[in-house]
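Heads up, the next two complexes both have chain A, just with different partners, chain B and then chain C.
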Partner chain A sequence: MRSLRRGSRVYAVAASTAMREKLAYPGNFAGSMFTYALFVFIFSRVWAGAYSGTTEIAGYTMRMSVWYFIVAEVPSFGFGRFFWTLSRDMKSGQVAYLLVRPYDFIRYNFAEKFGGSLVEACVILAEGLAVGLMLVGPPPATASAMAAMTRPLFLAASLLMAGTLNYLLQMTIAMTAFWFEENEAFFWIFQKFSLVVGTLMPIEFLPRAAARIAVWTPFPYLSYAPARIAVAFSFSDALSLLARQALWIAVALWLARIVFASGSRRLSVNGG
Partner chain B sequence: MIGRKRLSPTMRPLGRIRAYARFLAAAFAVNVKSTLEYRVNFLLQFFGMMLNNAAFAAFWVVLIARTGNVGGYGFSDVMLVWAFVSTSFGLAHIVFGNVRQLGRIIMEGGLDVYLLQPKDVWINALASKTIVSAWGDFAYGFIVLAMTTGADPERWALFVALVIPGALIFAATFAAAESLAFFIGNSSAISSALTEFMLSFSLYPEGIYGSGMRWMLYTIVPSGFVAFMPLRIFKALDWRLAPVLFLIAVAYVWLSYALFNMGLRRYESGNRMDARV
Partner chain C sequence: MAAIVANRLTKTFTARVRPSGRLSAIRSLVRPELREVEAVKGVSFEVEEGELVAFLGPNGAGKSTTIKMLMGILQPSGGGASVLGLDPSRERVELSRYVGAVFGQKSQLWFHLPPSDSFRLLGAVYEIDEDDRKWREAELIERFGLAPYWDVPVRKLSLGERIRCEIAASLLPAPLVLFLDEPTIGLDVVAKREIRQLLAEAARVDDTTIFLTSHDMGDIEKVCKRAIIIHHGEVVVDESMKDLRHRALSLKHVGVRYASPVNLDLPTLSPVKRTPTAASYEVDTRKHSLAEVVRALASRGELEDITIEDEPLESVIAAIYSAGSGAEAHAFGSGDGSLERLDEASSDA
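Presenting the complex of A and B:
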């Protein structure tokens, strides 16, 4: 029990160090914050244009669509860039230093990368709330006061799960570097699918057949789940989305472990 | 000057243009060779950039299928805007690959190497590199054009005539923002902001922006001249307006060049030893 607690402390320390490192350079958030605000502004204009002749598209009003985009972009900006550092570490041989240390490679990287990204995601979310209030007013109302109180908790849980799933999938793709030196193409494909399936617009906007296929892939659980909880909250829907996110996290963790076990056997370390 | 025919005063500007055209062609050929040295990387970046652009096409096809149009643009209009912007942007970065590195070069004292060479510093610095992924952007516009307008040679000729001033405007605007490094030191925040603004505003229908914003799209963030005006000319098949766009491009290039040269007077050498291979 004590060794388990000591083991968990290592990851907690790694996460908090990454967080403090991020907070030490607040100026580094400026670029993402600026781009995020610009995207939100432009998409609010796109939605204004799209809704000029109608009040509802696929069950979403204009205000819902704008808030949807604001929340859906948080995982992209906060948790969307793990791949680059992970892949760089694999290719540069940095991975060799981590493999010989007495902790779990996937968990340690998760603590370190997720910790830093969590700070950025919180900053982006706070900015999104401010920009959204200015552009279209408060988020769509919930059915009851109880729902209004619990929605932020479900939203926070869903965002954390979206970040975790994002990390595991990107880690799996980054580990293809054990086989392929140029593995960016895999990430680009992943990134574009996640952009179209649930980030730029809700999956309800997709043609029915495409939406039916999309729910069986992990992509809607990277952005769609938290954004849907934010704009069309109901307990049953939120619980179902969280359950599906948890399921995909389990699948992605299993996949990452298999790829790591198989790929790390191919690693040859030369020199010191 | 020995063995070289002296040009008459009236011929000199033409001679200089020819000389710089030859210089740009030589720089381009060297850049292409260095790009093709890493073929896998080239292909990955080429197709990766096209995939990136295609993802947005998927967004627009779904949205416009539901709404009919957005801001007065139908699907083919949005795709043509993407074609103009991506090909112009790609061309600017293929020929003037250092255009978004200029500020860093200035800050790090890297202009010394260009100052010692007998070509214009601005053109030499901008054209001495190419961006690999820009080839994907460049090609994407032509693919979209083929898909939206077919093989009509007049349309293709007009498209080419319109993307050249577009590329010049992109390069001139980015270079002007980067040249601010002469005056304020680190200008990376301003230049990245301008890049984001220009690209983001160019890729969405003009009609979604209010009239209060339009003046900006035809002045400091000239998205109007690289996207919306070319689209109008292209749809009307109105060749008479193409030279106007060229004149506008020349004005942007002149302003950018003047700003760079004004800043160059303040430039201090970094005493950096560099070799260009």
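Presenting the complex of A and C:
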């Protein structure tokens, strides 16, 4: 047990160091915060237009749709840029420093990248709460007081899982750099799918056949799961979403480990 | 016991050939033409524990590739390596506990945070007890003079200060072997001298085996006791710095200036540069006695000045680098006719 604690300490220190590095320049958040507020404002206007003459679309009221977008965008802004730093490390050869250390490469990288991103996600979430309250009032009510009390916990767990899944998938895509000189096209496709499937709008808004297929992909668990928990909370629905997120994390972790094990043997960093 | 063993280490990269012409470019999308590049061709050497070895070679010779294979970052295409008795390609993580690295153009420090934070994290990475880490940190701060910028963000440090921190950081876990890939690149002369002194001291105090690549002769002469020169992916020289220096020392540059014009041609030696009253000669002390040359020059007329300078070590290495093939460099590295070739290389330079 002691050795497990010792072994895990490095990941905790890496995460806290990344958080401190992120907080060293609070000005870094300004760009994301401005863009996020702008996106939320624009989409609230889009939804206002879409809901003129109707109170509900696919079971969502306008207030639900706006709050849905506010929460769904948090993982995108907070955890959506792992690929670029991972890919840069691989292409610049910085990965050489990262590989010659006595730790689990994937866990260490997760701690380091996730630690920094978590700070940004929290800042964006806090901003989202403030902007949402100003634009459409408080989030939709829950069925009971108990649900109201537990919803933030489920939401936090789902956001953390969304961030973890985002990291693992982006890392797997970044590690294709072991095989391909240019791998940004893969990330571009991933980004577009994750935007359409659950970030810009709930998957219930998609054509029925597309929605049916979407639930079998990892994309709804990057944004849809936490956003759904935030706007249409029920214990059974939330537990089911968390379980599916956990399942996808396990699959993505397995995939990342396979890609790393195979790719790191192919690493070719020439020159100094 | 040998700390590092490279046994016919080979690395071949596959590179895509860029086709010329639109049609060929389209065809290459479906059937790319690949070319094999042999970066390292069967390199063999041994480095004993506590040795300070310079691993030299021109750009593209295969130095960094060899270091990366020795650290387990790259998989060899052939041959094998052993570092501290471990196989780097199969036991990279275990090996990383005992081996440190400084890549001059890369950083292991957190850019926006002070060095103290990076050291704290490295302590956790190498599972060093807090008390041990603090003790070791205090020692490195003292030895490397890091106190003035210990709590200053790395982005505000000069390159020299950053490299000091980089090397100190790599020594935190007291590695048994330290690989340094061009650690003084971009530094000014004062910073270079300081870094060399610190490296030599690190090797002495911690008994660390140092394996250094650099293009800077000062690094090599001041820090290392042995030189391995690699060229065209092959080891062409493997000898002590003393022997390598001796090879350079057998060529002397003699300069003379007379009060009035004299005949500057000696019976067996002609000047390489001349004016009516001054000349400079290159004297191969294996063929000519330096004393006789000086005596002959003194007898020509009234001497105003005479200087005798050693051939810089850099010229010997430049001559080896200028060899067109591995075999040529081999012959040259073994000393056969090196001075004649050295003359040519020096005059080319």
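Simple rule for what comes next: the second predicted complex is superposed on the first by the 267 of 272 C-alpha atoms of A that agree within 3 Å, B and C clash if a C-alpha of one lies under 4 Å from a C-alpha of the other, contacts with A are read in each partner's own complex, and residues count from 1 in each chain.
Operating definition for what follows: a contact is a pair of C-beta atoms (placed from the backbone, for glycine too) under 8 Å apart; a residue touches a chain by one contact, two chains touch by 3 or more.
All values derive from a computational prediction rather than experimental measurement.
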Contacts of A:Ala250 with chain B and chain C, given as first, second, both or neither: neither
Touched partner set for A:Thr35, first chain B, second chain C, both or neither: first
Which superposed partner A:Val46 touches (first chain B, second chain C, both, neither): first
Shared chain A contacts, counted only where both chain B and chain C touch the same residue: none
Residue ranges of chain C touching chain A (in the complex, touch as defined): 13, 39, 60, 63-65, 68, 71-75, 92-94, 96-97, 99, 101, 103-108, 110-113, 117-118, 120-121, 124-127, 153, 181-182, 213
Residues of chain B touching chain A in the complex: 40-41, 44, 47-48, 51-52, 54-55, 58-59, 62-63, 65-68, 70-72, 189, 192-193, 196-197, 200-201, 204-205, 207-209
Chain A - residues contacting chain C, complex: 6-7, 9-10, 12-14, 17, 20-21, 24-25, 92-94, 96-97, 99-103, 108, 265-272
Chain A residues touching chain B - in the complex, by the definition given at the top: 30-31, 34-35, 38-39, 42, 45-46, 48-51, 53-54, 57-58, 182, 184-185, 188-189, 192, 195-196, 200-201, 205-207
